[in-house]
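Below are two complexes that have subunit A in common, paired first with subunit B and then with subunit C.
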Partner chain A sequence: MPKFMIWIAALAALIALPHGLSFSQQEILVFLTINVLLVASYRLLTLTGEWSLGHVVIMGVGAYTSALLTKKFGVFVPVSMLMGGVAAALIAVLLSFPLFRMKGFYFLIGSFAAGEIIRLLWKRFRDPFGGAKGIKGIDPMPDFSIGFYQFDFFEPTSYYYFAGFIVIICLWILWRIEKSPVGLTFHAVHWQDKLAQASGVNVRAYRTLAFAIASGFAGISGALLAHYVGTINPNAFDIDLMVFVLTWAIVGGTATFYGPILGCVVLTVINEIVLRELGLEQMRPLIYGAIMILSILFLPNGLESLVQKATQKRAGNGAAQRSPAE
Partner chain B sequence: MTNFLEVKNLTMRFGGLTAVDSLSFKVEHGTIHGLIGPNGAGKTTTFNMISGFYTPTEGQVLLRGEDISGLHMHEVARRGVVRTFQHSTLFAELTVLENALVGTHMPFRPNIFAAIIGWDKEDRHGAEARAKEALEFFGLDGLLDEKAGDLSHGHQRALGMAVAYASHPDVILLDEPFTGMNPEETRQMMDLMERLKADGITILIVEHDMQAIMGLCDNITCMSFGKFLAEGGPTEIRNHPAVIEAYLGGARHVA
Partner chain C sequence: MLELLAQTGLNAVYAASYISLVAVGLVLIFGVMGVVNFAHGELFMAGAYAIVALYADMHVPFFVAVAIGLVFVGCLGLLMEKALFRPLKDNPLGGLVASIGFLMILQALAVMGFGVRMEHIPPVTQEVIAFSDKVRLPVARLYVIVAALVLLSALWYFLKKTKFGWALRASAQDPEAAALQGISITQTAKIAMFIGAGLAGIAGALTAPLVSVNPHMGHSVIVTAFIVIIVGGVGSLEGAIVASVAYAIVHTFVTTFYDGVLADIVGLCLMLIVLIVKPTGLFGSADRA
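Moving on to the complex of A and B:
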């Protein structure tokens, strides 16, 4: 039961968290929540061994879809968010046909090119997508009440609870997938695709599946962002944000489920709280670059390796401990 | 009556090089069949065509009369023909049990929706039971939580076969299973193969180690320079003049 208590305590802390923060920090907290889903979905893709540079654009697909559905067709907002995720997953399935002819580095560059094509389409076609200025005045999430709490979505705290609820559900699903035989097959495809094939695994189908699921959840995170900010444009989903996602994943480490999330939270706290307090936020790319190089040099297995070490020590003199493989 | 596994006029050309030249042979159900020949004879190429790794330029691979040449490797595997690889190709980062669980992919096909909701408990238990059964068969049941990459060479080889065995195959294709093994390990491996055969599994081996092959196989096909050379039982092959010439005759390299 103590494990259960830890989860309850963590949940209580997450609920109490915004009340100790300033208004601008509460806003950052909302973005952080959304980014956690983005980076966690990215990890599912890296399970099959592929690193994409188009993930943020896929997130944008979810944002644009959800925004347009509410604006043009008056779809109820939470439903449109789900549709945003579905659209992102479908686009990923389409992209998989050209992209999964490639592997490794070529896939990386191919995914970047595919993402840029989508972004340029948003810029070029002003009719549905609003061109370079994007879409403004996106319907916010309608307010509602659940009895003891009144959701007012002009308050970041309310949106934080709403987004947090959705993100936790999404993380739970991602976790279930990773710990299932499907997740094991993703690992198998990553480490030895030939042996996986010889065991009857349709490698191409599994790579597409991972890409589609990761993209679907990225789409949901994009939709969450669109209905919070109220305006989206093609430049919000450019390579800059993608580099941040990569940095979070690399600094956090991708061997565990929580690694990238840890990277995202720690770097956001460093960035938004510490740097902003010191008035250094203009130097963000410089400092992010330095952190990334330092972590690759001194912490090659990411922040997660620190957590692993700490929990192993606490496990102490239990069963035979094996040192983590180098 | 249709033959169990038949290779018909199989030909593979890489550019101008003909690696395998209209090779034909039959594998009887429930036997251990060896495919031998000097280096560069095209054994591994033949093997890769049967397992779906290569698409043959010409000719057919027939399984129970069905043409399986040109299918993808996973489609060939789903028809019951499972291969192992040269060297120790394993999921080195995963544990021994997880390796065997990947092998159960075909009998217990994962379903993502059932996995999220938690309705695949029976399948997961079934897969784990099958994986453990396969590991026990190869004497690896004491090493479930070891990383596959940390195992000894002999154990890695056995695990490679356990992964194949876990999928309930009809035919196992073994690519040089005795390479780099000492005589003791070779003898143990031969025992395991006899047990697989007793389990009703047909085995096709590509191998250099003549002693192991002669002691193990019911039938042997010998090829040289991509062509069919001779076929028969171990004694027949050992005394076949063309085989002796291919291995020992002239200044040619001895395998």
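Moving on to the complex of A and C:
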């Protein structure tokens, strides 16, 4: 079972990973883990062909909901995270009524406007959202022990294991959804919307469903973030982060499940670790911008196209008798 | 009360002037190149920094500095066309990502060259036209208003009355048919980029002494410009101007009587309503949607 062995090895590598890193790199690793879920949920939305600029604000909805639930009502933290995701999905369903009257470029701008409105409402109303300063002193995850490992959530390593566990479960669900008949219908809605409609698919309902599911997982990632950093404000969910999510997805490529995740990991490692280590602090945005331009000019199908090329070559050399693998 | 209304009205005219300069440039670029230029706010910022470098630091006369700023930002536009938008012609999402990359580069250059703090620019003129005690128009704002009127009229004449302008509009309407008529698409794209970027540059240069100049000033500019071009109808220059005026009036009045954040919310809501009711905008034609 070589494939099984690969998964075990990958898991072991992920568990060992933080122990070789410095404290600040461990913190980056936590953010990276959360962002992986964010960008993977974004891909589910792009499956139906829509590119939203409101996804990060939806993530913020999850963060705000979970933070307020724990702060005002004393809800147990992991439960509040789940409810953050539910709230984000509900907001998405609400937003789908105006937004799905639009397509393409108009949807892009419309989703941006809707997101900005939500963000500015947080800014404007000090009660309960805390205004421009946001919410401080959000309850952390309560520490607990599973016998051989003591979870202390002020340690980034502990939170990395916890967030990683949640993110892997979420990714697995997202993967199952994509491979299910529902996921195939999402593809159909994107590439053959007229045909899908003619075959009795309620295109609008499936677009809303994709939007709600994607938003729900974005909300969970937001809640994970809120209970790690302990303070959230409207500027944490502004267009700057959205632009990063968009670039991760596009630089990685959205044809495969792993494309956006690959983009997120590679660009974050380049931006946060390589450029920092090289001492190019001020030049980071410049080099990042240049990388974005170069990759879109010379690698229009994303980093995933490199992986596909590499694996195809290997499959061609090795197993000719196998049926065409995915 | 009447005086407050008059003063707010004057403020709105000033706001409408620089917003329309930015938005018309954005529409022109979208119309001819078919690409959403996210870096447009940073072109505005580049125009403002041209004034910081030339007028505040090197003491070049203000209007000479503005003219150099216009040409400089126009050339940035040409650079974008050649390096980014021409190679990515068949990839609309790619053009968007490339312009975001360019935006980050421009911002980083501004930070590296001038630092993140706000720039102090000595006022160009302290003169104020006083209509009454409370209704006053600083001459520096008048410059912006006059520049908008002159430049937009010139652009209108250029587009409607000259051969180049006809070629430009033709390639915006139907690039293939225009190319068949012997119009060089590359040529018209260059002209549109130069004019569009130059308009953003001159708006930034003229408003530089009036606003806080910092590397991230382009953000609010691009958001406003997006609202305006959506409300006006993407691709419609007249629509962009009308929507600029309408947006400026609404925004200025809500800011004066309530607060700035609420004004932003109202502006975005207006845009959402237009998108829902008439997605092609007030002046947009259905076939471009």
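One rule holds for everything that comes next: the second predicted complex is superposed on the first by the 315 of 326 C-alpha atoms of A that agree within 3 Å, B and C clash if a C-alpha of one lies under 4 Å from a C-alpha of the other, contacts with A are read in each partner's own complex, and residues count from 1 in each chain.
Just so it is clear, a contact is a pair of C-beta atoms (placed from the backbone, for glycine too) under 8 Å apart; a residue touches a chain by one contact, two chains touch by 3 or more.
Since the model is a prediction, treat every value here as computed from it, not as a measurement.
S.K.: Looking at A:I177 after the superposition, I want to know if it touches subunit B, subunit C, both of them or none. Which is it: first, second, both, neither?
M.R.: The answer is first: A:I177 touches subunit B but not subunit C.
S.K.: Is A:H187 touching anything from subunit B or subunit C once the two structures are fitted on A? First, second, both or neither.
M.R.: first
S.K.: Quick one: is A:I6 in contact with subunit B, with subunit C, with both, or with neither? Answer first, second, both or neither.
M.R.: In the superposition, A:I6 contacts neither subunit B nor subunit C.
S.K.: With both complexes overlaid on chain A, does A:L280 touch subunit B (first), subunit C (second), both or neither?
M.R.: Neither: A:L280 stays clear of subunit B and subunit C.
S.K.: Which partner does A:A310 contact after superposing on A: first (subunit B), second (subunit C), both, neither?
M.R.: After superposing on A, A:A310 lies clear of both subunit B and subunit C.
S.K.: With both structures fitted on chain A, tell me whether subunit B or subunit C touches more of subunit A's residues.
M.R.: Larger number of subunit A residues touched: C.
S.K.: A:Q197 in the overlay: touching subunit B, subunit C, both, or neither? Say first, second, both or neither.
M.R.: first
S.K.: So in the superposed three-chain picture, is A:Y106 touching just subunit B, just subunit C, both, or none of them (first/second/both/neither)?
M.R.: second
S.K.: In the complex formed with subunit B, which residues of subunit A make contact?
M.R.: It is residues 173, 176-177, 180-182, 184-185, 187-188, 191-192, 194-203, 209, 213, 325 of subunit A that touch subunit B.
S.K.: Can you check the complex and tell me which residues of subunit A touch subunit C?
M.R.: That would be residues 51, 98, 101-102, 105-106, 108-110, 112-114, 116-117, 120-121, 123-124, 239, 243, 246-247, 250-251, 282-286, 288-293, 296-297, 300 of subunit A.
S.K.: Would you tell me which residues of subunit B are touching subunit A in their complex?
M.R.: Of all residues in subunit B, those touching subunit A are 51, 53, 72-74, 77-78, 82-85, 89-94, 98, 101-103, 105-106, 108, 110-112, 115-116, 118, 120, 123-124, 127, 147, 149-150, 163-164, 167.
S.K.: Quick check: in the complex, which residue numbers of subunit C touch subunit A?
M.R.: Checking each residue of subunit C against subunit A gives 36, 83-84, 87-88, 91-94, 97-98, 100-105, 107-109, 111-112, 219, 223, 226-227, 230, 234, 259, 261-262, 264-265, 268-269, 271-272, 275-276, 279, 289.
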